[in-house]
Amino acid sequence: MNAAFWDKLQKVDRRVLYVVLVVLTSIGLFLKAEIPVAVDDSSADFYAKLMKIDPNKPVVVQTDWTISTRGENMAHLECLLRILMTRKIKFVYYSATSDAPAFQVATDVIRHINEERKAMNLKVYERGTDYIGLGLFPNAEGANESMRNDIKKAWGGRRVRMPDGNETDIFQTPVLKGVNSMGDFGLMVVVTASDTIDFAVQRLNDKVELTGMATGVIAPGMLPYYQARQLKGFAGGLKGCYDMEYMMKHGINHPEEGGKIYVNAGKIVGEVPPLGSGKDLARATQYYADLHIALSLLIFAVVVGNVAMFAQKKAKKGAE
Amino acid sequence: MDQYLFIKLSVGVFFTIGLYSVLYKENKFYRFCEHIFLGLAAGYSLVAIWTSILYDQWWLKMTGVPAEGTSKMVPGYFMYAVLLPIGLCGYMVMSKKHNWMSKIPIGVILGLWSGQQVKNWWTQYGAQIYGSMQPVIPTTWSSLSRPALYTFNEAGAKVPLSPDAAAVIRSNIYATQALSNFIFVVTLVTALSYFLFNFELKGKFLRSFNTVGRWLLMVGFGALFGSTVMARFALVIDRMSFIWNEWLKLGR
Amino acid sequence: MELLAQARLTFFGMTPNSPELWVKIIVTFILGLGVMFAFTKAPIRARRMIVFSFTFASGLFYILLWLWPVAVAREPGTLPNNAVEGVAFWLDDAVPRIADVAQILTAFLLGLGIMSLLTVHTQRIRRKAQDWKYSVLLMVSLVTMVGFGYVDWIQKKFQDPQGKLLEMANWGPVQYGQDLLFDGAYQQMEAAMFSMIAFFILSAAYRAFRVRSVESTVLMASALILMLSLMGALDFIWTTGINNLVAQTHNPFLDNFKISEVAGWVKSTLQTPSIRAIEFGVGLGAVAMGLRIWLGLERGGVSA
């Protein structure tokens, strides 16, 4: 093949690549399958932490994403809510980002997970008695700083409408009764698509056990925090979320029928059970097989591009 | 309700296709969708600024909340009113003569941010500096690499070690681990030196130190690239799922 | 009355909706406007000092909070023993208020972007500039969203004490309208906008991601290892092969050649420290920038 062919190959219309991506990712959605996976240490630690925390202590969920990162963050939050609701752990949630829809989006996810649970005849979470929403804090640094200093002052004076219609001070509700400082929370989880995890680490990692669920863009930046134990675990990107769903189904070091162990995590000492009830394999599972196809396409594109470049150079040299 | 959900999803699909149409080329359908998008985004922000932020965090704190049921009264703090003129200063950016005043609220926000930086540096990086001090000398030479946490029985099947034996293995630093730790420290120091001393260095050793640092930084950027690709593809997959699974209800 | 007695009323914290409170709110606001008006008359030389004063005072609060001795074992109602402890108490009490200042001012400034958008598009409509009809479309969408958004909020906040509107079955036309605009249109468009980056990444990688230097080769190798480790199916096939080899040879050292192990090693030994180095650098830069802003040395930033 001559240099012109390789040159042409390198200059193929970008729209051809776009069509290939759309077609392949569409086909990939129909290949939904439970793919065996070696879970990341960070995901295993996060799952183990969520399954082991005291169910009588509430969890703080800071949810800083909007639909723009739905592909990853919605799967993250759904996964987290399923675990908390199945373990009957109460939670308080808020958004600390200047992205205005963040809080509304999280509220909508709680609503649809409740609808899912209702359809499965499982306990539905009620506002005020099982969870509380605090709204949007556009200045994440300020929000986390005041939480670090005094949670009662930071959230003081806020009320929530209880199921009986009465407005009640949030610290008198079953969710936050007995909470006087960040240390009284069982765990804090930051579900994020931005650098708000940095602010949380800066201000809260020594006050509460901190974990995270972040997009693939943010996740590599969480590795140093995890290595230094500032984060006790995290689910990074779609893979991290699939890890979580896989562990929700199979547990960690947990022997199933025939003694088969699906998730061997040498780092986790002992056994962590699967979730047991409710949905386990869900959105991330639906997308994970497709991710294989999309990544393979990218690797293929890079390889072809490079082969074409070298072949063109060689052909040119040959012609000279 | 099902009818409404179908209409809602159809609207979403219509706009998704409209925006994707720009991938082919700039067109009127795209511009139509783009402007609706901008209008809705700005409109929603106008709603959320009051309903999700200012009402609870400014108005109620300024005016207070009367006692109700078992909840005690929350006093109103009138000093919150002073924030409105300061905030309005920001809008002076529209004035040619007084636009310098817009820097007052920005100055307050940046001042608050800057005052937190020194303490934050330590809470963020202190533990990481400590975590970077990794042991580079092995504690045992009984094996070069860390032994497996399992053994084989007579039938050839894997059998996990006893917890005590596993704990002993976990607590030791083997030669290969020490080497990995050494590479960790070298990577950190060289990459940091390249990042911080980004000026012409004299001496062959220092220059090659910086070159290695640059290469190792690329390892970090490679990880960021790979992970970012996953994130972006997840978004396309989600859009395809929205169309095929949620709207057309195929392949669920 | 008993409930009323539980809350501490002071000169600053007053009974809700009392005439005294409203008078003070209005007076404070008018005084604030007065100061703002006075600033408009400030000479050019004084402007820099005004902005610096606001910035410095704001930064000083957190510096003091960090350096000032902290009052230990403080109980509600405790009085300070001396002036040092008095300042410590004040700093401690002021943290949530100062955090509120940041939240509220940020919220006020968020409106600035919308204001700018409105200005541009109203001008385009007034001048009948090219494609002005799109600007009308933008305005109509904005007003519709604002209308449905506020009415929905008012109904949920003040007219639905039982929280019935949280369930879709009880929705009225306003809730359907708000949901259609927010979740049906706006959110889906936002998702579509962001997802388009993937197309550009694919195209750019095909055209420009070339092995031309040591740096690009290292970057590509690192990215490749990470991407392969994200593919569980590939990892599974490779791991099954390794497991079979280990079972045949009884040599557990081969476990180290599983994709997940190799990727884990690269992640923890090379990627973590190199990302950490980047973050250390960024962190030092943030401290330096913070000090420059606080001390008014940053010319391009908040100096007037």
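So that you can tell them apart, the chains are marked A, B and C in the order they are listed, and the count of residues begins at 1 in each.
By our rule, contacts are C-beta pairs under 8 Å (C-beta built on N, C-alpha and C of every residue); 3 or more make two chains touch, one makes a residue touch a chain.
Values in this document were obtained by computation on a predicted structure and should not be read as measured data.
The central chain here, found by comparing per-chain C-alpha centres with the mean of all protein C-alpha atoms, is B.
Placing every chain at the mean of its C-alpha atoms, the farthest one from subunit C is found to be A. With centres set at the average Cα position, the gap from subunit A to subunit B is 11 Å. Centre-to-centre, using mean CA coordinates, subunit A is 18 Å away from subunit C.
In subunit B, the residues that reach two or more other chains under the touch definition are 23, 44-45, 48-49, 53, 57, 61, 65, 71-72, 74, 109, 112-113, 116, 124, 128, 220, 223-224, 227-230, 232-233, 235-236, 238-239.
The set of subunit A residues that touch two or more partner chains comprises 18, 21, 68-71, 100-101, 104, 137-139, 141-142, 145, 156, 220, 224, 227, 237, 239, 291, 294-295, 298. Subunit C has residues 62, 98, 100-103, 106-107, 110, 168, 182-183, 186-188, 190-191, 193-195, 198-199, 201, 205, 220, 224, 227, 230, 267-268, 271-272, 275-276, 279 in contact with two or more other chains.
Against subunit A, the residues of subunit C that register as touching in their complex are 62, 92-93, 95-96, 98-103, 106-107, 110, 161-163, 166-168, 182-183, 186-188, 190-191, 193-195, 198-199, 201-203, 205-207, 209-211, 220, 224, 227, 230-236, 239, 258-260, 264, 267-268, 271-272, 275-276, 279. Those residues of subunit A that touch subunit C in the shared complex are 10-12, 14, 17-18, 21, 35-38, 40-41, 66-71, 98, 100-101, 104-105, 108, 111, 115, 127, 137-139, 141-143, 145-146, 149-150, 153-154, 156, 161, 163, 165, 220-221, 223-224, 227, 237, 239, 242, 288-289, 291-292, 294-299, 301-302, 304-306, 309.
By the touch criterion given at the top, residues 23-24, 44-45, 48-49, 52-53, 56-57, 60-61, 65, 68-72, 74, 109, 112-113, 116, 120, 123-124, 127-128, 130-131, 149, 163, 220, 223-224, 227-241, 243-245, 250-251 of subunit B touch subunit A in their complex. Residues 15, 18, 21-22, 25-26, 28-30, 32, 68-72, 74, 95, 100-101, 103-104, 135-139, 141-142, 145, 156-159, 166-169, 172, 198, 201-203, 205-206, 215-217, 219-220, 224-225, 227-230, 236-239, 266, 269, 286-287, 290-291, 294-295, 298 of subunit A are the ones that touch subunit B when the two sit in their complex.
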